Amino acid sequence: MEDVGLLAAMPINEIVFFINKVVIAGLIIGSVYALAAVGMTLVSGILRFANFAHGDIMTLGAFVAFVLTMLMPGLGALVGLPTAFVVMPLAMVVTAAVTIFLDKRFYAPLRTVGYKPITLVIASFGVMLMLQGVIRLFFGTAPRQMYVTAKDIYRIPFGGRHIIVTEPQLLLIVFTIVSVVALHLFLTRSRTGKAMRAMSDNADLARISGISTGHVVRTTWIIAGSLAAAAGTLLAMDVSLKPDLSFNLLLPIVAAMIVGGVGQPYGAISGGLLVGFTETLSVFNWAILLRPLKPHLPEWLEIPANLAFVPTEYKLVVPFFILVAVLIWRPHGIFKGRVL
Amino acid sequence: MSILSMRDIHAGYGGANILNGVSIDIEAHEIGVIIGPNGAGKSTTLKALFGLLTVSEGSVTFDGEDITNNNPETLVRRGLSFVPQEFNVFPTLSVRENLEMGAYVRRDDFRPLIEKIFEYFPPLRDKHRQPAGELSGGQRQMVAIGRALMMEPKLLLLDEPTAGLSPRYMGEILERVIAINEGGVGILMVEQNARQALAIAHKGFVLAGGRNSFTGTGQALLDNPEVAESFLGGGAH
Amino acid sequence: MRAIDLRTVTLLGGLAVIVALIFAWLGNAYGVRMLVEASCLAIVALGLNVQWGYAGLFNAGVMGFIAIAAFTGMLVSFPVNPVFWESEAPVMLLRTGTYLIIGVAVTYLVSRADRIGVPKKLRTALTVVVAAVTYLTVQNALAPAAEIIEKGSSFVGGFGLPVGLGWVLGGLVAGLLAWFIGRITLGLRSDYLAIATLGIAEIVKSFLKNADWLTRGTLTVSPLPWPVPTPNEIGFVAARSAYLALTAVLIVAIYILLQRGWASPWGRMMRAIRDNETAAEAVGKDVNRRRLEMFVLGNIIVGVGGAALVTFGGIFDPSGFNPINHTFLVLIMVVLGGSGNNLGTIFGALLVYVIWTMSEPAALILFRYGASWFQQIFDIAPPSDLPTRALQMRVFVIGLTIILVLRFAPRGLLPEKVMKYE
């Protein structure tokens, strides 16, 4: 009896709405940011510069996956997964190769003696523009669909309503969990993984210890490039493939990295989720959640129609404010990372 | 035959040379100590030897081969290890991982070696899972030396291993240095605490102005009134 | 001072010949327009040179500072909109403003409550709550006002004041924004300044684009009043020439001021800080404060140049600001011309803008030629949006140029002269 009463008193519609609009959405976009920020934070920790081209490397990876999908659209049906997801590993390999090439051609020469660290940052803007130019040259600026067939939608019943998760969202969550675990094992168990952490801690000592820094740098780019490609592809699968996201991706990723502490992969993951959830919570219209309270409120207290903190068109403000807040109060991030 | 011989080394940063002709010879299994006033080029000598700055003149021979301006990775493989004075551990890596990084170029099973290092430095055994950055200064120094020993080097270069340590730890570290040396590893170290260091040295080198000023056995240098006057802070003890 | 050397003369002479050829080929009206735009960008580049060339600060958000200054200039100089002032909106805006001021004041007081014994954690929580309430109150007070304005009078209009005043105020607003950003990031490494400026630029743009009541948003505002007679009154060439004369005077004035400042003890200190921060700090210079001064000064100049540029275009269109044209092009002007050298920067601005303008038809011709060749061989029709795609190639070239200049000619075509300290 009591149970039913409680259930009836719960604003189930609103709760499900909240889960769909905030929890799922935040988890999705947070995972994308996390995947991208992990790579960026590793690169920043080891090479000591913020690679501003990272957002466009995501887009590049997604386009590689897109081209592969168009080349063999039937591949997914063979294994029962979306084609874009099946070709994603290949796209990750290609993107990793591209990042290594970019490093060799454009960044490595500037790492030698005589260049200021900021030169590398500016060079990364140069690389960013080059990537943007190439992507738009070949693909134009119109958004594209990654799916060759319709997206599967899963409805999980919850108190008479449905929590809705789409196939790409599920794949994204699974992929994020798997790669975080894999990365953790790699960094704590493997020789190269430990060497990466060592070099991020103290690059000079790593060299003195005989660690092959070239090998470590290559591995770092491979991880960063392939995770960025995966993040870009999965994001494009969930929404659509937009060639001009660049800064809209870069800003939350950098915010996630700095919140988590530069050079801290676990920090970057938490930072990514934090930024993702903050974004969705900020654009969420809280008035909807307050509506069930209406009969209990006094007449004079009216619930405004719009109680969102940030209008959707200003979403970019959210990571920016997180960034600014962290820089003011905790420049080392919440995970005791370093300041670049 | 000497394991290491530096002949008339000139080296420096950018334009100006800091070393203007340093020569050092060490036999295998010896402890060599470099002393001298600040700015004499003591640490620079070790860095030049270890390929961290370019030698412009002179030659370095190690174990019968010319190693002038070789890169650190090659030197480590040849059996030379270097412990810098500062920032000489990986702070977020555990003690054990720090030691493993010292053995990065090794492909064999080096677990027995880690055991051996725990025997040299017993305090590390209990803390082997702790991040090295959380240890005390003396224990960090132990990790640093342990890391350098993981390649089973023929010669170990130590840059002021006792700098900033309490007298208790200073004694302990020097004692360990002797023990390591008795285990068959040659040592070349730079020291500020000249008296204590020369007391354990087979050979001492006094540098001044980037040149050799005195060379001799540790005891001979301690007994030399001129050295005592200028470099050991006043007359005999 | 120093004699102007052969290299400078040759480069400037070569540029003059190119400009003369463009005048002859495309006509005077076109040529003057190009020169005016280049001169406005040269002012912007001088501002960036103060930051990058002199202080070593990398501003990746020039676009945002141009946009905010251009908006301020528009607001100050655009004719008064009587419909707005006669409606009830001004009172509502006033009320919103009052809420905002009260809210900010209360937030500030609460944030210092720990001084009267409130525990720090409670203070932080209270501050956040008060800030959030302020924010929501202001937002909800603004919404109806914005609605009335957008329905009735389309936007608030301007104040009808002189254009020159608008430019100056635009510069000051850009400087104020720079002060906020600089306060937060200048103590940290330049990477943080880069991301913060990049972020604020995008935010300024999206604010101007979406705050329709204030800026008309995507509907754009035109025609912007000019400080000189407009083409309608005296014809294209004459009007543009008058405008060019004005910007030229501005450039000369800013150039002289900067050169003087640079030769003064203040300038010497700035160079010392840039070239050896640690040493400057060691002798007791407040490095971050000096940097903040440079950053703000640079952005004031950027703002004036940006306001002049947009005024010349005659239309305030928030969507028209983009990082390529308004941030990275200016960056190239500075690094290619010679960072730290004002003459080099002005030269770089003219050269890069001429190449940039000419590259548009060049890219199109090149692509059309390439496409027809491609079609003949492979029998594939070129995509219909070929022109827009061809222009993307220029983005690629800008990126490549930045990297190549940094690597092979980090001091630019007209490098900074090393000053003697005797």
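So that you can tell them apart, the chains are marked A, B and C in the order they are listed, and the count of residues begins at 1 in each.
Basically, a contact is a pair of C-beta atoms (placed from the backbone, for glycine too) under 8 Å apart; a residue touches a chain by one contact, two chains touch by 3 or more.
A quick note: this is a predicted structure, and the numbers were derived from the prediction, not measured.
When chain pairs are compared by their number of contacting C-beta pairs, A-C comes first.
Taking the mean of all protein C-alpha atoms as the reference point, the chain centroid lying nearest to it belongs to A. For the pair chain A and chain B, the distance between mean C-alpha positions equals 46 Å. Centres computed as Cα averages put chain A at a distance of 30 Å from chain C.
Chain centres here are Cα means. That of chain B falls 55 Å from that of chain C. In chain A, no residue reaches two or more other chains under the touch definition. Across the assembly, chain C contributes no residue that touches 2 or more other chains. None of the residues of chain B touches two or more other chains.
Only residues 56, 58, 60, 132, 135-136, 139-140, 143, 184-185, 188-192, 194-196, 198-200, 202-203, 206-207, 209-210, 323-324, 328, 331, 335, 383, 385, 388-389, 392-403, 406-407, 410 of chain C touch chain A when the two sit together in their complex. For chain B in complex with chain A, the touching residues are 50, 52, 72-73, 75-77, 82, 84, 87-93, 97-98, 100-102, 104-105, 147, 151.
Partner chain C is touched in their complex by these residues of chain A: 49-50, 52, 106, 109-110, 115-119, 121-123, 125-134, 136-138, 140-141, 247-248, 250-251, 254, 258, 304, 306-307, 309, 311, 313-314, 316-317, 319-320, 323-324, 327-328, 331, 339-340.
Every residue of chain A that touches chain B in the complex is listed here, in rising order: 191, 194-195, 197-198, 201-202, 204-212.
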